[in-house]
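Down below are the structures I want you to see.
In the two assemblies presented below, subunit A is common to both, partnered first by subunit B and then by subunit C.
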Partner chain A sequence: MTAPATTIEVRKPGLSTTIQDGGRSGYYHLGIPPSGALDQYSLAAANALVGNGADDAVLEIVYMGPELRFTGPAVVAVTGAEIAPRVNGESRPLWESFAVAEGDVLDFDYLKAGSRAYLAVSGGFDTRVDLGSRSTYVIGSLGGVDGRPIAEGDVLPVGTGAAGRAGLVVPDGLRPAMSKDVEVRVVMGLYDHRLTDRGRATFLDTTWTLTPVADRMGFRYAGGELETVDREPPFGAGQDPSNIVDSPYPIGSIQVPGGVEPIVLHRDAVSGGGYMMVATVLSGDLDIVAQSAPRTRTRFVEVDLETALQLRAERKDRIARMYAALSD
Partner chain B sequence: MSARYSWGGDEFIFVELAEEMSLQANFKAVAITNLLREERPDGILEICSANASYQVRYDPDVLEPHAFLEHLKSLEDRVGDALGVTLDCRVVEIPVLYQDPWTTETLMRFRDRHQDPEATDIEYAARINGYSSVEEFIAAHSGSPWFTSMVGFVAGLPFKYQMVPRERQIVVPKYLRPRTDTPKQTVGYGGCFSCIYSVRGAGGYQMFGITPAPIYDPRQTKPDFTEHKVFMRPGDMVKFRPIDRDEYDESQAKAEAGEYRITARDVSFDLQPFLDDPDGYNKRLLGELA
Partner chain C sequence: MPRHEVVSPIPGVFYRRPDPDSPPFAEDGASVTDDSPVGLVEVMKSFHQIPAGASGTVVEFLVGDEDEVDAGQPVAVVETA
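Our next item is the complex of A and B:
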């Protein structure tokens, strides 16, 4: 006889805790964005620590943690933002797998740095799959628990099959720094020809400050106004100099409505719209954006495509080294 | 004019086919992305066709970026001016209760964000487009079909471009500042595009009315959604049909009971004959709905 599968009861949901995984692909042309963990490196690390597949479903915790009760034993790990987990009130380390027993209560200390933490459980969260992913996309009511963040009283099913091991540790050198001063690498392009040389220089020379508008859809920054080239508006674009004929929006693209307050679109992005975009954040640097808390000072640093591809390869290598460190 | 190609970071290629909106630019976007979809080389993650542009998300570790970009240019050459392209489309009828109580209540709450706080959205749109009455404006909005030129913004929301010569197109600016609320299935308008809000949420388009027809069903329990969660696709040609409150209530009750069906017919659409005689072509198209 096998023991019944472990479930996790939600006693307190936290601020906006959602089920997320590697994300869904192939539906962006219908307005359904990839979703998935905003910090994909921390997702991969959390899953690796508990013996899961890299894209398995975890809980994404924003600013404030939930309180959860386990109905059976499990191995869990928390990565990402510095928000220390506690088991029955006793502190547990981040970036390290640990065991919980039947009846244990897991909650969190207050947030010390970063924005988003990832809680993985061996076996993964086994909630509904919509369009190939368990990721919660609230606007479209997809994935997660009934397409919404977790709520008090929810019972989260845990998958079986993975055998987690307590005591695995991601080495210090393979943990991302959580800083209030960050550089985010971008490839310029899209509609950056709408900027004057001065507007372009303002974009790249300004130290932008992240505003409180920083959610799964996008991150809005304050700090300057970008000068645009004069023009006769093309038919269908709209009168404002920042308007374009509604186009698709790349994930990570930076749009600048009205020339002020650039917005980095993240993994729950609106898929298109009528504002000029002037650059795109490198896919790997979206992790840095994900961990930015409001007031984070941010510089957008231009790189060319070749550099972007080299940085992409370095990131892949870093993930490989993280896996290697956990399989010794 | 030839297209403008741009890198969107390390995973996107963005292609603007024309700076201004036209049915021809949209046809190019649809035709090129259709070709790419048929080929479906390994490493492609998303193919998004839009009004006068498109984008592709790809894995640069599988598809070498510069070679892939050259390939996209060769697809553009193959499609050419798109005048000879035939698209498999649908003609779709969407009933609309114009000036309904729900969008009216919503627009009243956001008058401080509107160009003309003294008028309703449809009164404002009628006036600035030179119509002498709202009734005349509704006749223009519902009198000719609309080509679905893009699906997106949020899940399943169609952008629709009026199939009339440019001098007869309705143009209305978006709200000065976006609303934080829009009822589900609102028929909206911004720039030269009509839209149907698939879900409730924020929005900046003017609100003219509401349809009882669901166009997004994430649980796929309704009869029009057995295969897809999203009803509208690029290329759908939509005829708005004005309805009264009684018909709205009846259709809404059917929709809630999961019995409502949208009327749709498969047709093929050729750009050149349409451009030669839009009114005659539209008349034949709409005959399919009879």
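Our next item is the complex of A and C:
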């Protein structure tokens, strides 16, 4: 006889807690965005701590944590935002794996820094797979629990087969800093030719402030107005100087409707539209955007494509080193 | 008199009224109980009520209507009996 598989009962859902994994790649050209954990590094770290694959399904917790009850033993870990987990009211560390027993209740303290925390459980969340991913895409009702955030009374199944170990720790040097002052690296383009030299300088020299309009689709910033080049609108583009003939939007692209309030598109973004994209955030730095709370002061820092590719390789290496550090 | 700080658990925009045409949840000097709302915080297009968290008298609001608040920021003070 084997013990029945552990499940997790949702007693309180938190603000908007969703099942997310490495993402639903390959359908963006059909209008279905990749979704997945907004902070992919913290996703990998949470999974590494509990012995899962880097892209396995976890709970993404934003701003306010859920209250969960375990029906059996499990090894869990929380990474990302500073929002301390508690087992039966007793504090547990972030970035470390710990054991929970049958009947234990896991909840969370207030958010101290960052925005999104990732709760991984050994074996992963075994919820439904749509188009190759368990990630919740609420607008499309894909993945997750019936395509929506978790709700009170849900019972989340836990997969079997991974052997988690309590007491593993992500070393300090491999934990990202959570700050209210951040730099986000970008490659300029594809529509930065719509900006004057002054408009370009304003984009890169302004300390932008993240507004409360920040969710899985996009993050809107305030702080300046970008000067655009005068033109006759081409056929198919609207009259506003920020309008372009409709074009695909890359994940991480920064569109600037009206030349004010840049929006960084994130992993639940719409796949195309008619606003100029002046730059694109490096895929690794989308983790920094994901952890930005409203009022975070943000500078966009230009790098060239060669540097961006090098930084991507370094990030991949960092995740590999983290896995190595946790699997001795 | 002990003073209890009412804290917003989430970041967002703080509102004193349930909707623009209604009176505030609580005026200065109002009596509140543990679960009486003192305001709303809006973030990601959802509204989250902030309960007083203690019984007593609202003596002061620390932030204005429609001010942006951080997670963990005190928004009001309740004097408990």
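By our rule, the second predicted complex is superposed on the first by the 328 of 328 C-alpha atoms of A that agree within 3 Å, B and C clash if a C-alpha of one lies under 4 Å from a C-alpha of the other, contacts with A are read in each partner's own complex, and residues count from 1 in each chain.
The rule is simple: contacts are C-beta pairs under 8 Å (C-beta built on N, C-alpha and C of every residue); 3 or more make two chains touch, one makes a residue touch a chain.
Not measured: the values here are computed from a predicted model.
**Q** Applying the touch criterion given at the start, work out whether A:212 contacts subunit B, subunit C, both or neither, answering first, second, both or neither.
**A** Touch partner of A:212: subunit C, not subunit B.
**Q** Which chain makes contact with more of the residues of subunit A, subunit B or else subunit C?
**A** The partner with more contacted residues on subunit A is B.
**Q** For A:293, is the partner it touches subunit B (first), subunit C (second), both, or none of the two (neither)?
**A** second
**Q** Which partner does A:282 contact after superposing on A: first (subunit B), second (subunit C), both, neither?
**A** Touch status of A:282: first partner only.
**Q** Given the complex with subunit A, which residues does subunit C contribute to the contact?
**A** Its residues touching subunit A are 7, 9-13, 42-46, 48, 68, 70-72.
**Q** If you look only at subunit B, which of its residues touch subunit A in the complex?
**A** It comes out as residues 6-12, 14, 16, 18-22, 33, 45-55, 57, 60-61, 65, 150-157, 159, 166, 173-174, 190-193, 198-199, 201, 216, 218-219, 229-230, 234.
**Q** In the complex formed with subunit C, which residues of subunit A make contact?
**A** Listed in rising order, the residues of subunit A that touch subunit C are 15-16, 62-64, 110-112, 115, 212, 214-215, 293-295.
**Q** Along subunit A, where are the residues that touch subunit B in the complex?
**A** Interface residues on the subunit A side: 25-26, 28-32, 130-131, 137, 139-142, 147, 186-187, 189-190, 234-239, 243, 245-248, 250-253, 270-274, 280-284, 305, 308-309, 311-312, 316.
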